[in-house]
Amino acid sequence: MSDIKKVVLAYSGGLDTSVILKWLEETYGCEVVTFTADIGQGEELEPARAKAEAMGVKEIYIDDLREEYARDFVFPMFRANAVYEGEYLLGTSIARPLIAKRLVEIVNETGADAIAHGATGKGNDQVRFELGAYALKPDVKVIAPWREWDLLSREKLMAYAETHGIPVDFAKAGKKSPYSMDANLLHISYEGGILEDPWAEPEEEMWRWSVSPEKAPDEPTYLELTFEKGDIVAIDGRPTSPARVMEYLNQVGGANGIGRDDIVENRYVGMKSRGCYETPAGTIMLKAHRAMESLTLDREVAHLKDELMPRYASLIYNGYWWSPERRMLQEMIDASQATVNGVVRVKLYKGNVIVAGRRSETDSLFDESIATFEDDAGAYDQKDAAGFIKLNALRLRIAARKGR
Amino acid sequence: MSDIKKVVLAYSGGLDTSVILKWLEETYGCEVVTFTADIGQGEELEPARAKAEAMGVKEIYIDDLREEYARDFVFPMFRANAVYEGEYLLGTSIARPLIAKRLVEIVNETGADAIAHGATGKGNDQVRFELGAYALKPDVKVIAPWREWDLLSREKLMAYAETHGIPVDFAKAGKKSPYSMDANLLHISYEGGILEDPWAEPEEEMWRWSVSPEKAPDEPTYLELTFEKGDIVAIDGRPTSPARVMEYLNQVGGANGIGRDDIVENRYVGMKSRGCYETPAGTIMLKAHRAMESLTLDREVAHLKDELMPRYASLIYNGYWWSPERRMLQEMIDASQATVNGVVRVKLYKGNVIVAGRRSETDSLFDESIATFEDDAGAYDQKDAAGFIKLNALRLRIAARKGR
Amino acid sequence: MSDIKKVVLAYSGGLDTSVILKWLEETYGCEVVTFTADIGQGEELEPARAKAEAMGVKEIYIDDLREEYARDFVFPMFRANAVYEGEYLLGTSIARPLIAKRLVEIVNETGADAIAHGATGKGNDQVRFELGAYALKPDVKVIAPWREWDLLSREKLMAYAETHGIPVDFAKAGKKSPYSMDANLLHISYEGGILEDPWAEPEEEMWRWSVSPEKAPDEPTYLELTFEKGDIVAIDGRPTSPARVMEYLNQVGGANGIGRDDIVENRYVGMKSRGCYETPAGTIMLKAHRAMESLTLDREVAHLKDELMPRYASLIYNGYWWSPERRMLQEMIDASQATVNGVVRVKLYKGNVIVAGRRSETDSLFDESIATFEDDAGAYDQKDAAGFIKLNALRLRIAARKGR
Amino acid sequence: MSDIKKVVLAYSGGLDTSVILKWLEETYGCEVVTFTADIGQGEELEPARAKAEAMGVKEIYIDDLREEYARDFVFPMFRANAVYEGEYLLGTSIARPLIAKRLVEIVNETGADAIAHGATGKGNDQVRFELGAYALKPDVKVIAPWREWDLLSREKLMAYAETHGIPVDFAKAGKKSPYSMDANLLHISYEGGILEDPWAEPEEEMWRWSVSPEKAPDEPTYLELTFEKGDIVAIDGRPTSPARVMEYLNQVGGANGIGRDDIVENRYVGMKSRGCYETPAGTIMLKAHRAMESLTLDREVAHLKDELMPRYASLIYNGYWWSPERRMLQEMIDASQATVNGVVRVKLYKGNVIVAGRRSETDSLFDESIATFEDDAGAYDQKDAAGFIKLNALRLRIAARKGR
């Protein structure tokens, strides 16, 4: 283990990563560089800096990555309408490749040998961090303490912290949530605790970002979302940056009880797990983006996107953001979005996102003169349908004549 | 046209198909057999019989097909989680193959030469009826009056009716909905009128099967849905037949503001169209079925189903229910459902269908002892993850070393 | 029919299109512009010009499109390894969109209203011509005489020619091949005649571009093909243009008995048909391109290409070259080819194309130090495989424990 | 390691597995049961028995699994036309799940705790053996000595053998092939040695099952292969069992220079490797099966099979034969084969497999009366094609009008 001299640690400032910080120094005899990012998790970063300083860290990286996260990761993913297993909007998954990228950049800047993270050996996040790091820097070392040490219970961690003089916010530790949580601009997630019983309904107090539909306002909220090339660029006519789009939609969506989900999902490491998620902005974005596409995308382009979507979503879920196959799919998806321009009007009401209108001056493929139930003045010759059906039926008829 | 002696007409008893009835007799000099089915559209059938008799029809078929429809068409489709273009639950599409099948059966029973239907030349239904008929009886003749005649406005139809002594319920005709509607156990649909402007929000009065979320009760409704082989077989513990499942869920769902959808869709004949749908039962069934699968299906089986679903949905949308490729896919889908057994608890509240629990005594693949965040007593060796990641990363690392 | 004043006709100079020329003038009272292209079919174009002039045509277009055809149509298609139904290299299909494009360009240049072609109503070519034309000029008129007239036998055509003073090369007509043939740089095809019996083996005399394997030389021929971004750019080290690549490989391949195929295929219009094809260059190109990719493409990129290939091939077969979905797929395919650079050595021998070597200085992902059966000095840690297998097996083990 | 009392070893009788046998006894202090199977590798089994006896093994299993292998593994796979990465017929991959199954059966019969195999930690076979074993007996232990020991060179193995009194056939060891080889009814494979350079052409002496095309007879061989439900059941009219079909086609195919392949492939463990294969029977079977399907399968069924084939092939390549997703796909594939009945005539000549005819009295969908280039007496109305094209073009035209 002596060949590791400097490690860049994804550091939150919490108990776990503080213990990891000390454990790395002790176990590997190496220097630790901390990296803490604001990706919209809604927590102050300065306490993490103070804590790292207090623990003697010399190189401390603190970054506000919210705009990069929204612009280069979340928005491209939503162009694909990505949903994992019919339900999950990939809120944790899509944040990991950005962290991996930044860890590698700091390794390069600081001359470190390795990265370390606080993800466990049972979950998807370890895979996402490490596949990203290896893809971007193939010979980087990776230290995943949860796969190595024996501090496998909260008591042991606390004891380690005490022994090693790691400052623990006991007030906070005492009222610690029974859930394992993760948050960023796209969502907050909950796992563990009573959720380990898939029959148990989550308690109302668990949810942090949204009110329940029951407590949401009795009046609906309408929003107009302007799309350019598949991305939301303005809300109610006001140009808005990607991160601000998400912050605003999280706030308005959460206030209207939107974006809760409660699922059993299949992890890449092979087990099923139960997770609850609040994704207010994402829920609105997905519905609105689909509506925008419904007006502006060619049918076969849309269908091809739909057929490839589950695979694209799995790639992101499984940690392959930086893989050539994800990039190749993204080329195709981005190319499809050139015409996804216009406005979608949505109505938010007690957990519902309702599309109330969609228009595109430049790119609508909806042709009222053809679609109309009224007289279309010859725009469409109904007799064409007879031949269309006859030839589409031909193979079925030949088979039927053979007695199939 | 002299070679057609007898036609079986899909007859609703309304103005359009009554005019068609007469027009067929006049134009083809043929006898007409009427076929009217209860597939849950919520209308009495006896008036159709009376009207057919009044118009001199000698062979009148009236069938209650609700159970067959739910059991053999809707339920198998829901095993696939079929959704067209991310939104549409295929409420019209899935009824057509049953009508086609029954038309062909009556052709065989009555010695008729042809079938006739009242679908227009612009829509999907003509395709669905005719592909079904050709697949089941390859040499049947098909008459689609809307593609042949010139009665292309309501006025002309009314005039024809008057001229030919067709009884018109002027009271009903006068308050005729501005929308083109279609209903069966799975949904009621609305097209035309102001919906031809995709920016226009539908009026509240349009909706017939559901209250608005705003008017739904302030208290949620909980249901327990029991699945066997992917199908709902009991509600709150009471064994329930397929059609009754749908009727009950339509009623409870509609009362809770569930199942409205408003979309722009791509028709098989090549145009985009706007449609609004109320699908209360279907919306609940889809959500609950996915939840049941999430607990009981293998990951890769579920993913394969997800990837093939859009194609399966397109097949049904496009009228290929009776095709060999749909049947082949169904074999696979049905095979996957052997283990989809258990109970899902759903909460219905003002437009929301919320999964509140899922369990399966016999077939759950959720293994708490492995998934737990607590000590798992060695059920899962976290160190395995290191090798798993290393080998999954290998190709990415080799490529990165080559400078990709 | 009076609204058509000028038609651009795809004109070969043969009997069929000469009759069409006259028939168009007579039937539509319109002027006819002829368009004749060299796409490598191996026939002189000047006789077509002379014949058009003799028939009084004023606007005659004669183009050598061989390089454009190879560069912008054939080569992009081969980047996808496109094969229809496991066998057919799409030799006719890929030529049609170029003809359609050029017809539309000439319509624009000459102020014509319509295009006309000599494809029958039973085949795929009519679809390919017309979908292309409509996609590029949506309001162009299309005249397909074979779908309109009653000159449905050779005798009637000959009679029409005689009546209308169309010069017929009776010598040529007399020894006319019993097959319907089509040729361009990519292939020559044969249909009809005894081939309409799928049990019948084609006569040796049918084949025109290749010797039989039996008659091919007893010595093999080796070639080195240099690829850049997936395209062959040099043969045996000599830079070679796309059309010349094809001409040269056709010649060498044909001389070695390479590229014959004999299949039953499914037409887009719904019937099965029997076709025989000679595709010497294409057969070599496909084998070599796959070999080049095997060394330089990432595994998952290659697999994704393989899974999408049948759909891409169907798009081309069915005439959707100019569709947005084909273009979208092409974006992805082309993006994948950036690294497909290097040299493939092939051995041609009596019908066989054998890969004898492949190398890429810049882009090989073959890592001998890892792949070796000898000691790899730690480049690969075999112990990683245990964890890899364990986690990949986890879902299977959980299921097996539940008795599945 | 003390908890393993009895191990079932996949035993060939060669040096490697003999060393493993001894090493297992020494390292684990356990009893070893040997299992040796005839799956068509073309070697006597009795020497393996004698050697096992000589080494003191008490429980020796020797099975002739050729018919089971051909019938239940190879034939079902060929129904899918499975080819990995466009070239590889999966000759090694498909044998592994049978070995895994039999190992588990013997574990159950003998009360053993574990299985052991001689596959290295770099290859695919370890994965295939172990995924199979875990899927069939989730708590079986697996010992893979190559991942554990340090006998990583031939010299060390030989030294170990000498030290432990393992009889080595030095004559055989001395003239040992420079290649790593594997053989069964479906193929013989070669890896390693000079093949580790992908530019190097294999030496003619390497190949063992086939003559070179150069040395094959100057006269072609014709065969008639009768298919029932997608499987070959007779050759030249003589009913033939699955294993005999393969043995016979290997012999005739090899004699005609058929079935050599030389590729770079992507292993599941993440690296590229070079392999050469001789697959005479498989090459003939694939070509003939496709020809049989071309006549008897519906177009869309065939296309769906083609699109899913690469995934099915990857599943087998990667070792997922016993997974639920492979079984689900197999349900669909097998269902498609009900009509794949008839006869294919093939011509074998110097490396070429040429389809010379195909017929099916009962299931041909080739309809000469429709496909004919001659007058079809109205079987097909060419005018239908106009409407077919018009509606297929509609979305393209609408888009073009919008300037796309």
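So that you can tell them apart, the chains are marked A, B, C and D in the order they are listed, and the count of residues begins at 1 in each.
We adopt the following convention: contacts are C-beta pairs under 8 Å (C-beta built on N, C-alpha and C of every residue); 3 or more make two chains touch, one makes a residue touch a chain.
By chain, UniProt protein names: A, B, C, D = Argininosuccinate synthase.
None of these values were measured; they are calculated from a predicted model.
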* Comparing B-D against A-B, which pair counts more contacting C-beta pairs? -> A-B
* Would you mind pulling out the distance in Å between where the CA atoms of chain A average out and where those of chain D do? => 41
* Structure fact -> Averaging C-alpha coordinates per chain, one finds the centres of chain A and chain B separated by a number of Å equal to 32
* Asked: What is the distance, in whole Å, between the centres of chain B and chain D, each centre taken as the mean of its C-alpha atoms?
  -> 43
* Structure fact -> Listed in rising order, chain C residues that touch 2 or more other chains are 266, 269-271, 298-300, 311, 323-324, 364-365, 367, 370, 380, 383-386, 388, 391-395, 398-399, 404
* Asked: Considering only which chains touch which, how would you classify the arrangement: line, ring, star, complete or other?
  -> complete
* Residues of chain C that touch chain D when the two form their complex -> 81, 85-87, 120-122, 126-127, 130-131, 134-139, 144, 146-148, 152-153, 180, 191-192, 196-201, 213-214, 218, 220, 260, 262-266, 269-274, 290-291, 294-295, 299, 302-303, 306-307, 310-311, 314, 322-324, 345, 347, 349-352, 354-359, 364-368, 370-376, 380, 382-386, 388-389, 392-393, 396-401, 404
* Structure fact -> The answer for chain C against chain A in the complex is residues 266, 269-271, 298, 300-301, 304, 311, 320, 323-325, 327-329, 331-332, 335-336, 391-395, 398
* Hey, which residues of chain B end up touching chain C in the complex? -> 298-300, 339, 363-365, 367, 370, 380-381, 383-388, 390-392, 394-395, 398-399, 402, 404
